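There's a structure below that I have some questions on.
By written order: A, B, C and D. Residues from 1 in each chain.
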């Protein structure tokens, strides 16, 4: 029984990070209906940038964060500006394919700059650990969960109530309509990619604390996809729930069937959900008037 | 997407529908096609060209063309995205390998079943996503890539470690050397390419294009989108399966390493660079990217040697950046790929001295 | 000598000799549908017996109106098979013209192509009481037509087939009863001056002309040709000779509008199109080359002069030298051969122009491209008189006089013709016949002369020849031909005559080329009227006038010109059906404009009645600007 | 004052759509632009509003000036900020957003504080929309969607409004209602309106000046009254035959009847 408790806690921990990254994925999908397959590699690059500030430049936690998050935002904007903007007006399949190729380029960049071996381990939130009942909790995990949850709340509020959030939902409906009302579609795109960049960076840092800074982090990005899909690709709340669910499934399955089984299991769930409830739990039935 | 209007020389007219849709319309085209074939057949015999390195490269290109042909039928003609193609190559490879290794079936007995099994597995993964509008097939094929690799790694005894496979043989003649296997690869590639080209002249082909261009209109015309997307995906995975079987019987060794997610992405790169929806485009794309890859394999180590400060593994990083970069360049500046560029050159020549 | 002396007899011979050979092809939905000789024989037999069943007797006239299509082509054979006489009408004639011809020719039946022609005939039904039945072959849009006069092509053939089953050999008997000397068809000439006259032409005359054409431009069975001129022109019957006598396959384009693409697909061995069509081919070539890229344009501009040199050298029999010949070969490979292929002349051996004057500049242009353009001269009444042969092309002459033709030049420089291909007089018009044929010689009304190499030279219509007040004689057609070489001028009429001391011209601009030029040079315009009066456009046309004036003797220089606000149109009687100017009508119609030109006015208000295609009329009033070619010249003359 | 002179538009650098279009909209005037399908009317509107850039279209020659400044190279957002708003063809509404959210987005480029008054103004013009304030706009009727689209444009208080076939697919009664509101809005807000229409009768009734386009070129222009009397306009756009009464389709022949724009 005690083993199950530990797994559930670990699952929720990871789940919150998956949820956060999934929000980034949903944000991009909502504003430009692009399935961003490079989300995992943005997470990787974000984590490495943070590692660069923390480990190479020896800055401590707060300054590294203050430098890493804006650079994550810039990374998102740069990606949108260089690869996606020229494709506006092209068929959707080209936009999605470009994100696939982006994952190649990002992986290449990371291995070009930092090599392919895992980076030296660093502590992010400090050593310490405590126990709740019989379960050992390290400060790293608890802080990671806290940061993830905070970021999620901020994003939801932004998305629901600000004018910019409304504009983003408008852009998702139709680029031309919104443009004819004076809303800079390009600006909205770059902002949503910027936020996705920040979400990925935070996710990367948090994942880095537990799994270490290595190329494997990009597989976490893969998990954001089932998380976002199960949540319905439409709403940030859906993404969070999806993330937590995926986290649980991954840790439970890998707990009992050996740790390589975690990721495939989530995709099995993805396919099952796609069969039963294609629009996810929170998705909107798409209005298709011919 | 790479269709072009055809400018025949004057004096060429069709007095029957069959004549109108022939693939080879003029005598010069026939001569060109036949001479190209003869050249390909003669390659191993020409001293300069028949170095083992080049033959192995050509065989690799041949098998990759088959994989990309399937992918182009699905993505280019039917508009569905598949980023798990190499998993289905693996399915074909292991099916054929196991049939041969465990049941002693010859290559000729295994290749079609390999394709069939790959197609069956493909359909299983295809059904959930094909029901939906939008590019959800990309998600399920990504899932397929991960799940199938996991299954092969842990749940089939032989595949995780790799196992030996008999080479292709006819009677007592073994196609075990590159010079000999070259002909097997050539025959299969030619047959599969011609089949793909022909497919576009059939009802299925037209239905695929209808689904790609406007699935709502296609549905209104009575085309069962679900069925045709599934057929397209089945053909795509069948092509992958056959290629997998060829690969395994050529390498005489079946192992997991050559079927990764990156390989799937590379196949997508090849059809984008080559030209979506064009058979010639697929061939151009495969040759172009393979040549680029070989080039980088030469430059990579040199670079690592000279620029010492680069970390270990920079060579592979460089490869990814360049190939990814080239793919993105094509997507943005030449969306219709090399095939379109080739058609423009042909049109320029055909329209000479007029401009339009 | 041919035993068969009429086309129907040849049809029977051919269906026996080459039963499954392809006789005709017609393009339908992009595919060329073939008719074998057996099919043609069967269709002609059914039509013929159907008509006979309806009461067609030898010597009866049947009017045929419609675009050139296999149905019409075989209907003519069917009518002649029963000893009937074909009266071919122009498909774009207006109802009043059609009524006059049908009534004058006493046609008993009318064969019409489609709803458009049927509507014309039904509109004039009461003026043509003699017509018993109106047969149509394209039923499109006519489901609700219930007029008793109407009979569909299908029903006629059914009638004929029933009759053929009853009496198997009837068709062959009827055909053998016909003989070469019978009248085969009455062709109404579109007289530039008075009402149309019906020239009676016998089978022998047609076959004689057809044979002459095949001497100058021989073809063999299996060659492809394409019909380009309307079925009403007499040339159509001579052209049919290739099909009946030698078995050459005739291809029919899908629609008159798609002729350009269709003839490119066929690339016919022999082709004859009117000067206006050659002019449009030349201007289209120049426009499309100018629109092409720099490399293509510079190649073309580099090699064209080389082509011109070769043409001039061949004409003056001088040897251009090995360097020039090599350069021309290179030019042929790089520019001329691809150009011929794009224009559809890849396989063409005999490109011909005829039925009107085409200025030598065009001959020189096309020959430079390797298209050995040559001229055929003849008329409805005289048959084929002279033709260039491939080895003896002289750009100034209208061809070498054909075998079996005698030519005499009268003291008034008029060309007189005698021979087997002469017509047999005007139907129901004995005094006109008297005027035209005197003791066997046909007075063509054209002026010209013969040179020592037996080439005939054509100057102009006799009554067009004119002289200025100071006695200087000039040929309007010659000047007009030169002006039409410019791609900006579609049509032009020279004004002069005894009471004027200088020449002036009325010009129709080519709306499409000038429109394109205007767009390229940011000259905004809305309608044809607006564009024609723009100053920039008149400056553009002035350059062409200056160019042509340089090549003319000083007194026949054009001093003043007007850009007309509308195109000359056959519907308004300004042009004949073969697009030739009806000068006397035009002189009368634009009298006040001409007075204003010579009255040194700079502008004249004009009100002209315009007839829309469906007969509706509308008034157009605008003011035309009268411009001078050389600003200063007018003041000091 | 908005002025197009000799504007030439090409799609994907190859397809020539507009071949030298020149027209003017003086402040506060209603101008109609007539033409059949494919005449280039919508392309003209999109060249003004800058929406061409999203469809690989570009103005390759000629100029579009608004109050003296050239705007043909600007993106749609800048043009909208200058006060030229386009209401697109086919009642383009943001289906999954509510009516109010649509209107709020309409006023996106205006300052926040005037949002309340703008909303009341629009609800004044279109009382029907007040009731539908929170319903998803995807489920509105055709007429309501057209009102929402126009209301959304009004939210930005445009100086010039470009209406693309407002009457398309609407019942005649609704069309009258919409045109009445257009006239009222023009009168009260002094907004210049360029209305593109196939429904020539309604457009000529409401506008002072009108242009007729045919395959990429203005072939006829003049005051609306004069055009309403023009022989060819009556024939080809108002369906009146030469004797003034309705012309039935039965006697339209399948063979081509040549129009004479002389």
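Just so we're on the same page, a residue touches a chain if its C-beta (ideal position, glycine included) is under 8 Å from a C-beta of that chain, and two chains touch if they have at least 3 such contacts.
Predicted, not measured: the structure shown is a model, and the values here were computed from it.
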{"item": "Chain pair with the greatest number of C-beta contact pairs", "value": "A-B"}
{"item": "Chain A and chain C, separation of their C-alpha mean positions in angstrom", "value": "77"}
{"item": "CA centroid of chain A to CA centroid of chain D, Å", "value": "44"}
{"item": "Cα-centroid distance, chain A relative to chain B, in whole angstrom", "value": "32"}
{"item": "Distance between the centres, which are taken as Cα means, of chain D and chain C, whole angstrom", "value": "49"}
{"item": "Sites on chain B at which at least two other chains make contact", "value": "none"}
{"item": "Category of the chain touch graph - line, ring, star, complete, other", "value": "ring"}
{"item": "Which chain pairs touch, all of them", "value": "A-B, A-D, B-C, C-D"}
{"item": "In the complex with chain B, residue positions of chain C that touch it", "value": "25, 30-34, 264-267, 288-289, 291-293, 296, 299-300, 335, 338-339, 341-347"}
{"item": "Touch list for chain D against partner chain C, complex", "value": "5-6, 8, 19-20, 22, 61-62, 217-221, 231, 242, 253-258, 260-262"}
{"item": "Interface residues, chain A side, partner chain D - complex", "value": "88-89, 163, 166-167, 169-170, 173-186, 284, 287, 289"}
{"item": "Chain C-facing residues of chain B, complex", "value": "8-17, 20, 351-356"}
{"item": "Parts of chain B lying in touch with chain A, wherever the complex brings them together", "value": "75, 79, 81, 83, 125, 127-129, 131-136, 138-140, 142-143, 146-147, 149-151, 153-154, 216, 220, 262, 265, 268-269, 272, 310-314, 316-325, 327-328, 331-333, 335"}
